[in-house]
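Going by the order they are written in, the chains are A, B, C, D, E and F; count residues from 1 in each one.
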Amino acid sequence: MLLVEATWKEIETYLLDSQAIVIPIGSVEQHGPMGLLGTDAMCAEVVARRAGEIGGFLVGPTLALGMAQSHLAFPGTISLKPSTLMAVVQDVVASLSNAGFRHIAFLNGHGGNIATVTAAFSEIHAQRSLQQDLDNLNLALRSWFDLPGIRKLLADMYPKGHGSHATPSEIAITQHLYPHAKKMAPLDPQIAADGRFTDAHDFRRRYPDGRKGSDPSLANPEDGAKLVEAAAQALAQEMVRYTNK
Amino acid sequence: MLLVEATWKEIETYLLDSQAIVIPIGSVEQHGPMGLLGTDAMCAEVVARRAGEIGGFLVGPTLALGMAQSHLAFPGTISLKPSTLMAVVQDVVASLSNAGFRHIAFLNGHGGNIATVTAAFSEIHAQRSLQQDLDNLNLALRSWFDLPGIRKLLADMYPKGHGSHATPSEIAITQHLYPHAKKMAPLDPQIAADGRFTDAHDFRRRYPDGRKGSDPSLANPEDGAKLVEAAAQALAQEMVRYTNK
Amino acid sequence: MLLVEATWKEIETYLLDSQAIVIPIGSVEQHGPMGLLGTDAMCAEVVARRAGEIGGFLVGPTLALGMAQSHLAFPGTISLKPSTLMAVVQDVVASLSNAGFRHIAFLNGHGGNIATVTAAFSEIHAQRSLQQDLDNLNLALRSWFDLPGIRKLLADMYPKGHGSHATPSEIAITQHLYPHAKKMAPLDPQIAADGRFTDAHDFRRRYPDGRKGSDPSLANPEDGAKLVEAAAQALAQEMVRYTNK
Amino acid sequence: MLLVEATWKEIETYLLDSQAIVIPIGSVEQHGPMGLLGTDAMCAEVVARRAGEIGGFLVGPTLALGMAQSHLAFPGTISLKPSTLMAVVQDVVASLSNAGFRHIAFLNGHGGNIATVTAAFSEIHAQRSLQQDLDNLNLALRSWFDLPGIRKLLADMYPKGHGSHATPSEIAITQHLYPHAKKMAPLDPQIAADGRFTDAHDFRRRYPDGRKGSDPSLANPEDGAKLVEAAAQALAQEMVRYTNK
Amino acid sequence: MLLVEATWKEIETYLLDSQAIVIPIGSVEQHGPMGLLGTDAMCAEVVARRAGEIGGFLVGPTLALGMAQSHLAFPGTISLKPSTLMAVVQDVVASLSNAGFRHIAFLNGHGGNIATVTAAFSEIHAQRSLQQDLDNLNLALRSWFDLPGIRKLLADMYPKGHGSHATPSEIAITQHLYPHAKKMAPLDPQIAADGRFTDAHDFRRRYPDGRKGSDPSLANPEDGAKLVEAAAQALAQEMVRYTNK
Amino acid sequence: MLLVEATWKEIETYLLDSQAIVIPIGSVEQHGPMGLLGTDAMCAEVVARRAGEIGGFLVGPTLALGMAQSHLAFPGTISLKPSTLMAVVQDVVASLSNAGFRHIAFLNGHGGNIATVTAAFSEIHAQRSLQQDLDNLNLALRSWFDLPGIRKLLADMYPKGHGSHATPSEIAITQHLYPHAKKMAPLDPQIAADGRFTDAHDFRRRYPDGRKGSDPSLANPEDGAKLVEAAAQALAQEMVRYTNK
């Protein structure tokens, strides 16, 4: 069930049976010469929604914006500062826990969000740790590419050229979802360099077309469909313990 | 053009001709027994995107979450505090202006966002007012229901029972967009009470099913389609001065 | 009764009969070549205090500083950032509600404060919305120039040249209150331009002497006195429902 | 010259000769059974304004609200949190220094403000310390009761019963200024207890009528007038080095 | 060289040759019935200082406090909220980079700090990403137990019972450093349970003596000495690229 | 007893008898050509720990970093902004009071911390003042050089050349504690200038070698030992009222 397509009474009824919800979280950031700016949000959203169908749990609105500071030298990137993203996560959790949700999982599409969302969870728990004993509140963060079995699948699909940013896997998913928006571009070199970086100036100096270690020309929509299904199955499996009271 | 479906190079090219962008902003909040929780974001998104087609300007990602504190007593509502929403708007504007955008319009679907987004603009301008003279930065907030001609159209469509929350007009738009998610529910009274309120406890005491002044059974998808087109034409017209350099 | 001229025991006694208070809020900002920097605070204070005499309610200390970012390019302007003004409003409300006040109205003299004070109210209510059910807390914002009947009176007094900043009406009030501080200055053009603006740099470029749409030479102290009385009567009338328990 | 009674052009002219300004800062807090809630702001304002007359320097708007947390258990007290007061001081200084002021002195009427205002100065300087070398910015805090010669005068006037809160000296000043608001109340004991305290609950338990160490019945308006003149002369003397460039 | 035992002139000289510094960061939190509250800070400090001797680089003051919210139900734990720890890291980096440091590595002793310190780095970089192109600033976080070779060494030393909190390895290091503070306590069960947790209430319910998965009776000072040396050698090796310009 | 060398069970036992703790707080900042950057933290720590031995009370971890903005133009200084230091103090107090401590004294080694720590205490009390009546929480700040008898001792030891920064007394203490780190440097002039300052740029212009009013060549380790003992005895005496329930 999609929260945004439900009425409040339907949510009230859902809460009688389950206090679990999944919130997709992505990022709007450059994904190289072929990748869409919305790639990370699109991937998180489709995996969470398909998993919700499989597992019968509620999926909340997609948090499209994430922490993308290192991509800010490429136009189109829209980044929340860590402190802002923490505030967003805190408000989302406060709203949901106030309504009775007790198992709130964020399904993530962007590696750059992990530290910040984890810190936000600690900020929430820190406040609770200093209050009188409350109902337990389970907060979880799962990235679709780290769900059980997915890293293996990626290695099989892309023995070379997967890389760490603007990867063929995430671009395959967007090709599957948005065929009208499939982009082609010459790649030079075919597989981009990879490695460390600091801020956006440093990132663009090192990775001038925005890719890190990837050859996105390896992407095709069929693989995208497979990846969505595999990740959704894995997520649905993880949610089993929460969705039945 | 949709920013989330573009590559950074396409945005770079777009910026050569125009520095204008529209960001839809909504809210995820109860909309009475028939209305979808995502109504406000859906309405803002469709109007902005259709206007972008008409006017040839760029439309950014939808900010689904808004300031919905007064609806928090109804489950499914997810509200950002004003201070959080201000931080989000500041970060969005910082990212876009850093990339070269100079005309950033927020197309709004929720009355409760207006004060906070306006305050966020002032926070941004206040910082600039104390810095050395910078390029001018135009920030605008337009609610679809306040665009030129729309209030008149609403009065014509709904001589009675439009009200101020969970209105037939916004529900008509969602029926047009998401026919599979059309909800029916008995309404008692047919037209809800309207008036003032303070916090969420007070809101639910006064408006127990979530509506304010509205009879959402008046909604139909055809009217929704007309409203979208009318608002999009009005918005495209307003953007003309910005989209051509 | 003026809070600043009362003892705490007098307030304790007052609270037995009424939980209502009015807080004047203004701004210290340029008001063109003839207007005083303290105009907005002066106007708010005199209207609130006269209304308090008429209606028998308590009037708190004047918050002299407001959100005046767009005037910062003119010396003498002192502006609070929106986030600061929100913190001030939150602390004022926390102090007063802690003491037992339940109806706290801000009588405003500056249009630029409206969004920020409204956002501050939402921040306060947002916190309460997530707490257990509390006594209701009524927060209201009224600008003296928007009180019932005042816009009509202004249109009658100043058929031309009222404008939107450094208006003859507010200057008339300060001439009535502070005759020793009446200022004269040549005006060129006689009626200033009006329109939109962004930050302080933009404001001063567009409105080089600080006026917007106004001809302050139309001001005279007699009209000022009439405006104060009319606005005070209107405010006292609005407060009736609160001042008697 | 009073800033609030000046036009921006008068301030522009003033700045050609002097970059000094004094900002009175007080508090709105209980002052025992005889003292006015606005005492601290009233005292700071009158001393600063009289000193401005003597010394020919500019006096800004009075910051009526201060840090009064320990008085919050007495109704009528309105306290800013330290973090809020720091933000106010930062914004005031930013506005004034942006306009060209270089010597900004706060004339204080409330001991409880000292640590917070001093911390705010450090916050301002800390930011400047990490920026490129800027024009020097002098920030000063002076409490009227600590100006040269005043402690001696107080000891002479009140050999016993001056105390540390709701003192006869500050009440004398308000009797001088606001004779119509002179309050009388029985005092038991005649001289209140004095000592330490933590929060507002602790304060009221220890000092049930709000006084600390004082016998405010010693106050009379003539002494108030003398104190104002002495403090104003001392402040004017301190400002000499700043007012002439 | 230890920064705290140097003069500013010695640092000025050091900066001529190297812009690298290591800052130890720990936590003060319960470490089970045998572990010292300061364990994490002690371990980080000794490894960093020994590595500094080996590698000839500067070691700054130890940040003793970290993010320890989940241990707050055990007395003696002192935790910084994530937002506070982020502010501390930001200030430390601002001070050091202002002085000319360009390679700032935090040597960490507590897993719970990782997300927050990483988020703090992103907050710093986010600000820089929106400023004009600056000198690059390298920020690194290394936990002593994750340095190259250490996990292998731990597995060899403790084939069973190492666990994830109050581990024999960290306790061994403190036994080596502070033999006078060696504590013994009965352990029941010998190897504690391990697993997930949320806030401090949940942690104490699940892990009543504070250990997670560990048998700290396996600790001895000799192993502690070996661990310090191994980790210090690994850290010194990592710093090589930074310490020579 | 040192908290960092205790287990949580030892703290639990301690709390049965006493709810008092002392937290040393220093600063890492330049101390002139002979003084160590860690001087203030070293002095606070040794006095607190020796006093704890004398008085049998608990001493917590040293907060090494303080508010040192005015020293930031000298490399090696690491300063927390006042707002950051306030957050640290708030978190330390929240952790300790949550565990049952009721008498929390900060033993300070740096004058620049006083205003900020005092403001932090007020922020804590302000929050408590607006909550329901709670257990009293005693927060105290004592600087070692202001403890009873110490100013007299300093005047006797250093009739000339003590000054106000990089003083022979604090350097003597570090010579006593860290004889291996004793530094010698030519001083010109022998006694440095003293006086006011604003930010770090101003400080370094006025005091080019970092000293204020001092002749640190007067320092010797024997005097350092005497100062530690005298200050520790004075602190232990002050703590008597708290350490016995």
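FYI, a residue touches a chain if its C-beta (ideal position, glycine included) is under 8 Å from a C-beta of that chain, and two chains touch if they have at least 3 such contacts.
Because the structure is predicted, anything quoted here is derived from the model rather than measured.
**Student:** Which listed pair, A-B, B-C or E-F, reproduces D-F with over half its contact pairs identical?
**Tutor:** Checked against D-F: the matching pair is B-C.
**Student:** Given a C-alpha superposition of chain B onto chain C, how large is the rotation in degrees, taken in steps of 5?
**Tutor:** Superposing chain B on chain C takes a rotation of 180 degrees, nearest 5.
**Student:** What is the distance in Å between the mean C-alpha positions of chain C and chain D?
**Tutor:** Whole-Å distance between the two chain centres: 24.
**Student:** Could you tell me the distance, in whole angstrom, between the mean C-alpha positions of chain B and chain D?
**Tutor:** 47
**Student:** I'd like the Å distance between the centres of chain B and chain F, where a centre is the mean of that chain's Cα atoms.
**Tutor:** 54
**Student:** Which residue numbers or ranges of chain C touch two or more of the other chains?
**Tutor:** 72, 79, 81, 83, 95, 98, 129-130
**Student:** Touching chain D in the complex: which residues of chain F?
**Tutor:** Listed in rising order, the residues are 67, 69-70, 72-73, 79, 81-83, 86, 112, 114-116, 118-120, 122-123, 125-130, 133-134, 136-139, 198-202.
**Student:** Which residues of chain B touch chain A once you look at their complex with the stated criterion?
**Tutor:** 2-12, 15, 28, 30-38, 41-42, 60-65, 72, 74-81, 83-84, 87-88, 90-92, 95-96, 98-100, 178, 181, 183, 185, 210
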